[in-house]
Each structure stands twice: as C-alpha cells, then as structure tokens.
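Each of the next two complexes has chain A plus one more chain, namely chain B in the first and chain C in the second.
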Partner chain A sequence: MINSLDPRIAREQINEDNTIAPLTEMDQFETYEVFHQKKRGDQHVHVGIVHAPNAEMALLFGKEQFGRRGLSVNIWVVKTSNVFASDYDDADIFETVPEKQYREAGGYKVMDKINKYKKENKV
Partner chain B sequence: MYGNAYIDPNEKANAMLAGEDPIKLAEFEARIARGEKIEPKDWMPKEYRKQLIRMIEQHGHSEIIGALPEGTWITRAPGFKRKLALMAKVQDEVGHAQLLYSAAETLGKSREDMINDLITGKSKYSNVFNYPAYTWADACIIAWLIDAGAIINQVANAKGSYGPYCRALDRICTEESFHLKYGHDNVVTLATGTPIQRKMVQEALTRWWPPIMHFFGPSDKISSHTEILMRWKVKMASNDDMRQQFLNMYVPKIWDLGLVIPDANLKKNEETGKWDYTEPDWDEFKRVINGGGPCNAERLAVRRMAEEKGRWVRAALLRKDEKYVTPLA
Partner chain C sequence: MEHIKELLYKMADDLLVIGHRNSEWTGLGPILEEDIAFSSMAQDKIGHSQALFQILHELGEPEPDTNAFMREAKQFHNAQFLELQNDDYDFSTIRHFLFDHADQLRFDNLANSSYEPLAKVARKIKGELKYHVFHADIWLNKLGNGNEESHARMQTALNNAWNYALGMFEKGDYEAQLIADNTFEGEQSLQNRWLAVITPIIEKANLKIPAEKDWEPVLGGRKGYHTENLDQLVNEMSEVFRIEPGAEW
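Now for the complex of A and B:
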C-alpha cells in the first residue's frame, strides 16, 4: 500500500503493483485540428490538435488548451481526417519565376514615361 | 558539404546511418544546415525519428508526472490566491504534456502506446519528479528552480530542427515564464518572511539541490552519436553547458536572498568564467532513474489508477465510426 504524503492519494489505498490492462487502440480517440481567432477581424490560425470523442468536446478541450490566456473570441475544430493537404514533396508547385512580375504591383512602373511625356510636352 | 554521401555501415561512427538512402540523407542534412525545419511527412533517417520520439515522449511524461508532486500541495497551499495560482500552473503542465504528446504522435507513435510505455515503466521521465515535496516550500522551490532548469532546456530545444516540437516548445516557454515568476515570488515571500518560513525554504533548497544538479544529466560522452544528433539539431546544447547556464543565472539570485547552497565548492572560476562545483553523485542519479527513488513506485501507481478509473468514461464516449489518423502538424 502506498503511504503518500498526499492525503488524497493516501486515502485511495493504492497498491504499488496495481497492474492494469494496456490501453487499446482508440482509447484516446481521434484528433481534431484547432483554429484560434484572437480578435474579431483576425484570421483563424491553426494552433495544434486535441484528442476528443466528438466535436463538442473537441471545442471544450480546444478552449482549455489554447484559450486559457490572452485574447480569444472564437475557435474552430476540424477532424484531422477531414483535412486535405498538399505534399511537401510537391513544394515546387509554388515556385515562381522573375517573368511573373506581371502579377506584382512592383511590375508596373509608369513614372519614367510620365516624366518623359511631361518634359517633352512641357506639361 | 553537409551530407555524408557515402555511408560505410561497417564503420562504427556511421552505424546509426546504416541503410539510409545517401541522396535523401544529404538533402535532409542540407535542409537542416540551411536552418529549415523538418515537417512530419518529410523523409527522415530512422535514427532521427527514433531519437525525437524518445525525447519528446519523455518530455511529455515529465510534464504529467511533474504535476503530481506539485498537485499534492493544491489543497494545502497557503491562501486562496496561492491555491488558484498553483491550480493554474498544474493545469499548464498537463496542457504541456498534451502539446508534447501531439508532437511525438506526428512521428508515428500513438498516444496509447506512449501512455502504455509510461505506466509499465518502459519510458522514462525527468528524474527530479521521483522525489517528494515534503513541505509547501518544496513546491515553491520546484516551481522556481526546476522550472528555471526546464526553461533553459526548452529554449535550447525550441531552436531544434523538428517543426512540431519547436511549435509546441514556443507555446510552452511562454507559459513557463509565468511559472518562473510565480515560483520566484513564492520563494521570495518565504525567504523574506518569518524565521520559521526562512528555515522552511532553506531546508527545501538543501533537499532539492542535488536533484537540481542532476537535472541536466551527466556530462555528455564525446561520441560520433552525439555529434550526429547535434548536426541534426536534435540535441541543441551539451548537458554541462546547460548546467553552467543555469548556475550563472540562478546562483546569484539564490545568494541574493541570503540562502545557503549546500555545496562548499560552488563558486565562479574567474579564469575560466565557469562555475566550479562538487561533481553530483551520478550513482544516486542512476539508482533513482532505475526505480530506486523515494517516489518512483507511487508516481506510476497513481498514474495507472487514474488511467484505470477514467477508462469506462472514455469507453462510453467512443463512437464506432471514429477512426484515428496521424495529426498533420
């Protein structure tokens, strides 16, 4: 019998060799990805996962795990199995080239033309 | 040139790399050398995965087991404010375990397997938690100095190479800064209080000093194994360096309070700039890690009881259609 300094544990009268059956698959449930919004107007940001038996409890655990401190106004939970993700091995799909300047604001420079026009036409 | 393009499995130094694809290994090492993080689905050497699982899992177990000696004092913490603060701290520690288990899960070990390995004694946890918190002052010393040690370790590891572990540690370190201030406040209150309070905190410090010196582990063996783990940014600082950092930051703060550290040889060496100290008793460390400490049996028995008592609730909540997939990040 364990003679603990902790009165709560001493009261339980636990045996040192209290072997238990091992945890089986799914004992800890599936996982939900948690998205947290700090304040209205912000994007929800992925902050981690929780294990939970259903969405309601995932929200509860998400709030406890990721909303204990600081600002929070809203969280989302999404079953991990419902998330479709791209593959890091395919990261080259995001690669770009200098010729794609036409997609950027910086790709459009007009001041030279305007100044030249003004000078030539004495505007 | 970062990758060992050619690996000789017969060479002892490279045994841990045996069987790895040399091109993939070179890409992996180059990515780490560029300061990029490794993410769960990336290719990684078997040894990298194995060492990270071991390390992150042990870290998670330490948070869970570490909550036990402190939890002991919730009902007896002096006053309402201290009770609230200690409950918040213990909740944080359990939350840290959740974050760490999640990071280890991304490497392919299920949470059930981690818990099974903890409660059967197969996995280790931080040795300091095999010692009891005799008085309230012990809980205060743990909150200040053990958490201080943990922060040094965690700040170093947060710069490691595995993305999910770094993300978990960043969040953990933020919360630990509250623990450190809370612990310091408690110790200062006792040390500047009545003679009985001072005596209590001095006795707790005397009891906890040897486990604190053990905290970072024995000096690292200079081995090719350690060298590779450091190159892979799995191990971020040597045990001795972290111990020195701790002494440098906290010994002056302890002395400021007029408390006595029970080591007559402890002093800063002006020539080397490092702290001299009596070598901790590493036989005692090994004896306790292998189950011979005052609380090893209690810690695991309590954990098994909690697992067993909650089992029917979890079984009742489990739906047939639930299916586990490895978390994404």
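Now for the complex of A and C:
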C-alpha cells in the first residue's frame, strides 16, 4: 500500500505497483479561449485557456479560473479551434521599414507653429 | 436568543462539514479546471460558515476557530447527509446539487429575516450561492444525460443520497418561535420550495426522485447523533488546530 501523509491518499489504499494508464490522444477535453470584461462597455480581453467538454462548462470553468477575484462583469469563451491565427513564419509582416517615419505623427514638424501661435495669442 | 442560536449552529455546522468534505477533492478532482472550481466553492462554504460562527460569537458563544475546531462530533448540529464520505464524484456531485439548492433557498429566505445580522450575511453571499447552483445544475445535467454509465451512476447516487438529503429539513425545538418572529420560514416550507425547484431539474437530467412511499428522512444530526464519519472528519479537520489551540497563524 502507498503510505502517504495525506489522509485522502491513504484512504484510497492504493497498491505500490499501481500503474497509471498511459495517456492517449484526445483524452483531454478541447480547449476554449477565455476573455473577460472588467466593466460594461470595456473590450473583452483574453485571459487564458480552459479545457472543457462544451461551451457551457467552459463558461463555468472560465469564471472560476479567471473571474473569481471579482474583477469581471462578463466573460466570453471561444473554441480554440475556431480562432484563426496568423503564422509565426510571417511575423515579418509586422516589421515597419524605418524610412516610413513620415507616416508617423512624430514626423510632422508643428511645434514651431504651435509655439508661435501661443506666443502671439498669449495662451 | 436560543432559537436563533439553534438556527445559526445547524447552518454553520452544515457549511463547515460540507466545506471540509468537498475540500477533500482538492488535488484529486476529475480535471484541473473542475478541481479548482470545486475547491474554490468548498472554500466559499467555509467562509459562509465562518460568518455564521462570527454572529454566534457576538451572541456570547466561543470565538469562531475555537467553536469550529474544539468541539467533539456529538456537539455538531449538521445533518448526517453532509458528513458522509465523498465516495466517488457521482455522489459528491449529487450531494452538491441537493445541498446547494437547499442552502441557496434557505439564505434566500433569510435575506428577509427579521434578524438583521443573518439577513446581512445572506445578502452578501447571494452571488456565490448562485454560482454554486449553476455549477451543480450543469454537472447534474451533463452526467444524467451522458452515457449509460454516467446515467446509472448518477441515479444510484441519487437513490443513496435521497433519504439523507431529506434529513436536512429536520425540525429543531424552536421551529415555531423562528417562524412566529419572522426569523426563518421554517423547515417544512423550505423543503416544499426545495422540492419544487429541484424536481424539474432532476427530470431534465433524465433522473428519477425515489418514490414518495420510500421517503424516510435520516434524522438525528441536528440533535448531535452522527455516523462515525463525523468523528473521522472532525479529527482530521481539527488535527493541526488542536496541536496548539492559541497559536497565531
């Protein structure tokens, strides 16, 4: 018998040679992505993933995993398999070419005009 | 105030005992997410019990930890239903369903109690109780309508639990007084409402409540008569506290 300090384990009277069945494919439930909303009107923000057999239970688990600290007013769950994602091999599509600074707001030289206006109008 | 103390003690003990039993699933639950959810609800129950022990303390009873951990099993007022071993997840789920509905309905009534300290606690924990019942209903439905094995296990667990569950509504000596001064609706009224709420949910889960002719409530818990399961539970639960009762943790 496995002699554990944990009485819950000791009660089970498990043999020392007890072998756990090996994992098989799909012996876990599907995963759902969990999004929570901090207050009405806010965007739902991704907070993590739960395993669940269906959407109803995913909501149940999502609330306890991510909403039990009282920081949420609402959660969404979405099957992970329903999420379409870009490919990490294509990560370069997010790289900005340095010469395109003219497209950023910092590229506009307006401070001179603003200061001139302030001076003239004593703002 | 004896009538209010009696009510508080049975509720506090029910919650402490079921909270401890359910916490025994921590680390052993069927899947990680459920383990966390079930453990979290068990903690809620202990918290609710603590709030009631606190009121008792204000009425002159020992302070909450001492009251919870220093009494012997025969001084507990919980229904025997709650002290039974967890057995498998089927029985635990059925007990969670049957008890939590009664618990929610009881607090729901007490939210309008003439005894304000209790009414305040009832209003405060409303949201937690709602989640507990959501959780229980969804599991009951899934397992009752699952496959042949899950259905058979749930029906067996329900049959085994039923008469113990009816014991939750054992009347105390002060029943009439509690009803008369609008502290509490009384056990009979609570049981009727409970049956009305759980019957359609059980039917939807494709399960059957045992025939009424076989109903024999298991009584005695409220008066300190318990099974040996409660000795085991109290010893295990109090083990650490009793090593050094005055210790600051």
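We adopt the following convention: the second predicted complex is superposed on the first by the 85 of 123 C-alpha atoms of A that agree within 3 Å, B and C clash if a C-alpha of one lies under 4 Å from a C-alpha of the other, contacts with A are read in each partner's own complex, and residues count from 1 in each chain.
Here is the rule we use: contacts are C-beta pairs under 8 Å (C-beta built on N, C-alpha and C of every residue); 3 or more make two chains touch, one makes a residue touch a chain.
The shown structure was predicted, so the numbers you read here are calculated from the model rather than taken from an experiment.
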item: Superposition-derived comparison: chain B or chain C, residues of chain A touched; value: B
item: Which superposed partner A:P7 touches (first chain B, second chain C, both, neither); value: both
item: Contacts of A:K63 with chain B and chain C, given as first, second, both or neither; value: second
item: Contacts of A:F29 with chain B and chain C, given as first, second, both or neither; value: both
item: Contacts of A:E104 with chain B and chain C, given as first, second, both or neither; value: neither
item: Contacts of A:T80 with chain B and chain C, given as first, second, both or neither; value: first
item: First (chain B), second (chain C), both or neither touched by A:P53; value: both
item: Touched partner set for A:E95, first chain B, second chain C, both or neither; value: neither
item: Partner chain in contact with A:N18 - chain B first, chain C second, else both or neither; value: first
item: Shared chain A contacts, counted only where both chain B and chain C touch the same residue; value: 7-8, 28-29, 50-51, 53-54, 57, 64-65, 68
item: Contact set on chain C toward chain A in their complex; value: 24, 27-28, 31-34, 36-37, 40, 131, 134-135, 138, 142, 236
item: Interfacial residue positions of chain A with respect to chain C in the complex; value: 7-8, 28-29, 50-54, 56-57, 60-61, 63-65, 68
item: Footprint of chain B on chain A - complex, ascending; value: 2, 4-9, 12, 14-20, 22-31, 33, 46-51, 53-54, 57, 64-65, 68-69, 80-81, 83, 85, 87-88
item: Residue ranges of chain B in contact with chain A within the complex; value: 39, 41-42, 68, 71-72, 75, 88, 91-92, 95, 98-99, 102, 105, 110-112, 115-116, 119-120, 132-134, 167-168, 171, 175, 297-298, 301-302, 304-305, 307-308, 311, 314-315, 317-319, 322-329
